[in-house]
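As written, the chains take the letters A, B, C and D, and residue 1 is the first residue of each chain.
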Amino acid sequence: MPKINYISDIAQWEKEFQFSSPVKVRFSETDMFGHLNNTVPFTYFELARIEFFKHIGFMQDWLKTDNETIPVVADLQCDFLQQVFFDETIHVYVKANSVGTSSVDLHYMGKRQNGNICFTGRGTMVQISKKTGKGVPWSDDMKKLMESSVEVRL
Amino acid sequence: MPKINYISDIAQWEKEFQFSSPVKVRFSETDMFGHLNNTVPFTYFELARIEFFKHIGFMQDWLKTDNETIPVVADLQCDFLQQVFFDETIHVYVKANSVGTSSVDLHYMGKRQNGNICFTGRGTMVQISKKTGKGVPWSDDMKKLMESSVEVRL
Amino acid sequence: MPKINYISDIAQWEKEFQFSSPVKVRFSETDMFGHLNNTVPFTYFELARIEFFKHIGFMQDWLKTDNETIPVVADLQCDFLQQVFFDETIHVYVKANSVGTSSVDLHYMGKRQNGNICFTGRGTMVQISKKTGKGVPWSDDMKKLMESSVEVRL
Amino acid sequence: MPKINYISDIAQWEKEFQFSSPVKVRFSETDMFGHLNNTVPFTYFELARIEFFKHIGFMQDWLKTDNETIPVVADLQCDFLQQVFFDETIHVYVKANSVGTSSVDLHYMGKRQNGNICFTGRGTMVQISKKTGKGVPWSDDMKKLMESSVEVRL
């Protein structure tokens, strides 16, 4: 496995995930080289992230038209460890790796049905004000909910 | 060539197109069978249609947040005549085949660089009110602009 | 409901579907008008069609690299009856409406969770030879399997 | 501007790009938040990367069915600096930031028409053997071609 700069101990890192969302590779997501096109895992990250935020109760507010804040993605990265093929089911794991004032560093792990990790990723998401475009701090409750999404680190 | 129910005389039909927009086939738009995935020409229709409506001056208003009306697609169809491959440039032609009270029947033709037609299509678009969701009649000026987009039929 | 040229009796047409595949609307499938982009139902047709062909046992052969035949889409159409929104689950129904020598006319119906039909569609698919590009007739077994996928018409 | 770990001196970094490819934001690439969906810049990276490799003469071989090697993407990342909107033309710049034995670290910069950088990115690409799946070293000529794609660093 290549060195990935956001993972120090892969065994520990993997163990911390609690939440996952399954996704099936679509035919239209393959390319002429015969496997999943490399732009698609970012779509999978988005859908797993949204399921994660629904799970902890954040998404419902963010989707209301009159809500003051929306989440925006500040950066994204993905490391491709194994080729993925049509019709596979990939379990996309999400955790809040670290929580800032108005941002969160989300980590992602894609697992094939045989248990192999096929891709990993991360990205910062910021809660911003629709009006000002500036970061809006998380409430204490929100912070707790995100932190409790990660298995306790001893 | 197969019989296509919205084309009676293909030579005449082809001649009537005046407007076209070029598009280059992306790698991510191919699939594992090695050619353009069949869902993608509808994306090409959308972009050619939008360029067409910008060309005759409609799109600018429809995109304003406070505009009363938006265009919606009522139906779409596509006939695939030839396989299309990565990196080809396709010229996507658009014409207003017939204009109704608040709708228009748009026809599409995709041409490869060698002049062959690779796909044809059509679809009804309706101008609706954002508030009521109901059709809003075209003005006489709008009708004339759409009708003049087709080569005169003698 | 608008008149759709491939549906004569909608109640009867609807009743004939036996197979369906669920799909959840992704955030990346919405557009700036706030609802499902009109190019996406064709992706849903593709995935439901593939599940259908796996269900009746055809897909497995077509995906083998050394298989003589592949299925190609000859045409596709979609009628948009209701706007569809982010995070909805749509049940996409498929049936073999009529079976030709080497082709099949597939019909599609998208249903929201409240039971409303949000879109309908159809499209011809042809089994062709990879070598010659020409249609390869269905075996009798294949015909029977496709025909039995439709509720008996009395 | 946020700190981006693959850019030390942004003014210098920006100056080194020589090659760019324009892309127009499609309607279907926006999402219900009203701007370019965050998964799409990776598609833009892919098309700019391919144009870059055509420009220096690598792509032509990689696309031949009987060619021994293909390029694979090992990782990708993107930093989103400004929201991008429908119908904008983005110039996507590419450079070979550093060349390894069988890999290359490509850097990307997206620029709006007003000259602002809207996103930056990078990703490693590896030339692998189709048979073994292992890295195949660049020839000296290939190395030179990639290195000459970057403005000389003094």
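Just so it is clear, contacts are C-beta pairs under 8 Å (C-beta built on N, C-alpha and C of every residue); 3 or more make two chains touch, one makes a residue touch a chain.
Small disclaimer: the values here were computed from a predicted structure and weren't measured.
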Label of the chain whose CA centroid is most distant from the centroid of chain C: D
Looking at A-D and B-D, which pair shares more C-beta contacts? A-D
Express in whole angstrom the distance between the two chain centres, defined as the mean CA positions of chain A and chain D. 23
Between chain C and chain D, tell me the centre distance in angstrom, where each centre is the average of that chain's C-alpha atoms. 37
How many angstrom between the C-alpha centroids of chain D and chain B? 32
So chain B residues touching two or more other chains come to 27-28, 37, 39, 43, 46, 86
Complex contact set, residues of chain D against chain B: 24, 26-28, 43, 46-47, 50, 63, 86-87
Under the stated contact criterion, what part of chain A meets chain D in this complex? 2, 4-5, 33, 37-39, 42-43, 46, 70, 72-80, 83
Within their complex, state which residues of chain A touch chain B. 27-28, 30-32, 34-35, 37, 39, 86
